[in-house]
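Shared between the two complexes below is chain A, which pairs with chain B and chain C, respectively.
Coming up: the complex of A and B.
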């Protein structure tokens, strides 16, 4: 193909994007906040695809270690893979809140222009950060690199200027939310959400200062990693879920808000001090064994409680719903969260066994299923709720046009992630056993474990299921762009009075 | 050191019993809840059988992890907590949905 042909294809692609953007801006079914939400959802899906792509590249490097060596090194692939995941989930959460903010408060969003500006600033910053990651992969670490290139802290590598930008964007988001509820009406969801956003912005600052003592540095770093994920994100998702369940299943406001308060109580009771399971081996005092062990053992309780309520609802209400794809992803959330966070977490959380499993592929196994089950599924469910309304609140029940697409995407994504989880579990078990227990965490032990057939076969299987996940992700993207088009049946009406109570 | 690591020979037992604690807890919870909805004795029997399995798993987990003193208290808390938690959550479910039947008749229309 000639250069001119490529240019023509690119021009067609750009024209298509412009056309879609114009259609979005003119969509009569969406409010200003919902249009902003669609911006967030679009970037979230692009980042999800990036997460899958860089995950596949990193996975290939386990099988072929020289693949892209000194072109796109493993540490860079892994960093972009994980950063893309964190950022697409945040984009999904922020978009979801913008989506329901006006309906929940009863007034237009206060300071929407600031919100729109924040979106473009954040998206520009994310693009620059990723480009810098890819273009400057090697070099010495000093104050300049910390401010401009890479902060050097695992999972939150964004340079300091971007860190400050993230906090500013979250504060603008907080302003939009708090000012809109203040101008309109407050609700239980509104109160919990607003307080949670203070914690979301505040806790991120714990990972923004540098100390020379590695134990102290890690102590604060975990405040961002654990408390963001197992406290503020959980509550944020609880708020999004509460609103979604009113829409999707027609659950009454009083019920979802009561359970939101119960979730916050359980989170305070287990999730916050569950932080202790990260303090076992970083040089903190031994009492963290006691605290971390006890509260980690409590952490599965909210998940088991969820089972009671799910069965209660399915038995009494029989899952009458207005959006089958969204409900399917909510069910995937219940199972994925329970297995990934509950079972996979508790298997290796106590210090007696965590001594061996800590930082092996076992952690990666737990991480894959827990993040997918707890957060990715909820974002995807919300995307389907949003796309239903964007198409004019059309039918998304049984016998949907091209319904095979969402079903196949859901099956491939869920089986793919579950398969990767099991493959990584086998690799992690082998590492814990050979590298840690038998060889005593030596370098020789590390390489013995990495070269063991069980580890290498597990990495191949992880790749197979990774490809399955990527195909499912691509199909999901396609489906979100097309689902509901040409559908003229109105959406099923489920408990229409629920959100207004 | 406050903890004694798991012995090499008990590796699998530790992981497996930990997973089974959570899985049997959920089976017990599911059967208990279903028994409440259907008021069926068979489900209650299944629920208590699952709970008995859970107790065995907690016992194995405690032995292979060398639990003593405080850690045994943790095992006891798990055993007691999982026994009563489904009942507590069930009561909360019933209480929060108390006036639901009245509301559910008002809403709805086209269900699929």
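Coming up: the complex of A and C.
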């Protein structure tokens, strides 16, 4: 193709996007907050695709180490892989809250214009950060690099200027949530959500300073990572899940909110001091063995409660619901969260086993299933709720037009991630035995484990299931663009009438 | 039908419980954080002063504690230069910044945290892979300056890329690694035979 042909294709593509955007802005079925939410969901899906792509590249480098050597090295691909994940999850959460904020508070969003501005600022900043990651990658060992290129701290690599931007955007989001509930009505969900956002924004600042001492560095770094992922994020999705269950199944508010409080008590009761399971080996005192071991062992309990809650409620309502894909993903969330975050976390949380598993593929195995099960699934459930409304609150029950697509996407994504998790677990077991127990954790021991056929086989299986996940992801993207189009049946009405029998 | 919700199942009961449990846990965490900070400040028994890079360092099994412990020996100045506490801190600080700016943690683990594509750096200074203590400093510097030419792949074909590390940065990284190897990590990694401890 000539350059001109490419330009023409690009022009068609841009025109298509503009048309879709104009259609979104004019969508009569969506409120202002919901339109803003769709902005967030769209970027979230794009970042999800980026996460999958860079995950595949990094995974391939385990099998072919010279692949993209000194072009896109493993550290770059892996950084984009995990950062795209963190950011798409946050976009999903922010979008979900904007989605239900008006309905929950009963009034229009107070600072919608600010919210829109914050969206574009954040998205611009994320784009610049990613471009710098890919094109500049690293800098010299000084403050300028940490401020402008990359902070080099796993998960929160974003340079300092972007950190400040993130905090400002989160504050605008927080203002919108708190002010809108204040202007309208407060509820249990509203109260928990607002307080959780204070904690979430505050904790991020614990990762925004530089210290020479690596033990102190990692102490505070875990405040951000652990207290986000194993505490405040869990409570945030608890709020989103509570609202979704009322919406999907018609569960009574009192039931949902009582469960939410139980989950908050259990989640924070185990998760805050469960932080100690990251303080076994970083130079911190020995009492963290007892505190970290005990409380982190309790961390699965709230996740069991969430499974009981969602499955019990679904059962009570005889699985009658207004949106089949969303309910399927809510159930995937309940089990995924319990298995990935709960069981997989518990398996290696006690110091006696963690001494051998810390810093091996065990963590990667746990990380894949936990982030997917706890967060990707609930976001996807919400995307389906949103798309249903955006298409005119249409039918999303059985016998959907092209219903194979969401089902296939869900099967491929869930099986793919589960497959990767098991492959990485095998690699982790092998590393714990060969590198740690037998070889004594030296570099020679590390590579003895990496070169072992068991490890290499695991990496190949991870790749196979990674590809399956990527195909599922692509199919999901396509489905979200198309599902509900041409559907003229209205959504099923769920409530006491539908569930009384 | 009137439904009487028992107190233990009521919304208010669990709301109060959630607030008390969260508040209580957080207060405990803050107290423990103050204590941990006092114990891991550089210069204490768990995290050594930066001038420890002037000393010989090893890692041995402690029979009383039943775990491996860093052991600080006699004088063994890094690159033959005895540094004051301020000079040592400046050098380790430069090393830490370089480790961050070069994004080492997205291939390696540091204190066991990071990515799993390359070996852990916690005891890199003490690894037997450097052959002998006498040639270690030079090998480490050469490797960091040109990791492609001096590749240490252990048969894996995984090579560290050239990260445009300068000589002062390389020396600073080595200082950071030597200082980090003296941190009391409660016996992590286990069963690790340090360089010079092979007998």
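Please note the rule applied: the second predicted complex is superposed on the first by the 484 of 501 C-alpha atoms of A that agree within 3 Å, B and C clash if a C-alpha of one lies under 4 Å from a C-alpha of the other, contacts with A are read in each partner's own complex, and residues count from 1 in each chain.
Just so we're on the same page, contacts are C-beta pairs under 8 Å (C-beta built on N, C-alpha and C of every residue); 3 or more make two chains touch, one makes a residue touch a chain.
Please read these numbers as outputs of a predicted model, since none were measured by experiment.
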> Aligned on chain A, chain B and chain C: do they clash or fit?
Replying inline: fit
>> If we overlay the two complexes on their shared chain A, which of chain B and chain C does A:437 touch? Say first, second, both or neither.
In response: both
>> Per the contact definition in the header, classify A:262: touching chain B only (first), chain C only (second), both, or neither.
In response: both
> What is the contact status of A:69 with respect to chain B (first) and chain C (second): first, second, both, or neither?
Replying inline: second
>> With both complexes overlaid on chain A, does A:286 touch chain B (first), chain C (second), both or neither?
In response: both
> Regarding the shared-chain residue A:92, is it in contact with chain B (first), chain C (second), both, or neither?
Replying inline: neither
> Between chain B (first) and chain C (second), which does A:218 come into contact with in this model arrangement: first, second, both, or neither?
Replying inline: second
>> Quick one: is A:250 in contact with chain B, with chain C, with both, or with neither? Answer first, second, both or neither.
In response: first
> With the two structures laid over each other on chain A, which partner does A:59 touch: chain B (first), chain C (second), both, or neither?
Replying inline: neither
> Does the superposition put A:373 against chain B (first), chain C (second), both, or neither?
Replying inline: neither
>> In the superposed model, which partner reaches more residues of chain A, chain B or chain C?
In response: C
>> Quick check on the superposed model: minimum Cα to Cα separation from chain B to chain C, whole Å please.
In response: 5
>> Does any part of chain A touch chain B in one structure and chain C in the other, and if so which residues?
In response: 254, 258, 262, 286, 289, 355-356, 437
> Along chain B, where are the residues that touch chain A in the complex?
Replying inline: 1-6, 8, 11, 14-15, 18-19, 21-23, 25-26, 29-30, 32-34, 37-38, 65-66, 70-71, 74, 77-78, 81-82, 85-86, 89-90, 92-93, 96-97, 100, 103-104, 106-112
> For chain C, which residues are in contact with chain A within the complex?
Replying inline: 9-11, 14-15, 17-18, 21-22, 25-26, 28-29, 32-33, 35-37, 39-42, 46-47, 50, 89, 92-107, 109-120, 123-124, 127-129, 148, 152-159, 161-164, 166, 169, 172, 176, 180, 183-193
>> Using the touch definition from the top, list the residues of chain A that touch chain C in their complex.
In response: 58, 61-62, 65-66, 69-70, 73-76, 78-79, 137-143, 145-146, 149-154, 157, 188, 192, 210, 212-219, 221, 254, 257-258, 261-262, 264-265, 268-269, 272-273, 275-276, 278-289, 291, 355-356, 358-361, 363-364, 436-437, 440-444, 446-448, 450-451
> What part of chain A is in contact with chain B in the complex they form?
Replying inline: 250, 252, 254-255, 258-259, 262, 286, 289-290, 293-294, 297-298, 300-301, 304-305, 307-309, 311-312, 315-317, 320-321, 338, 342-343, 346-348, 350-353, 355-356, 397-398, 429, 432-433, 437-438, 492-498
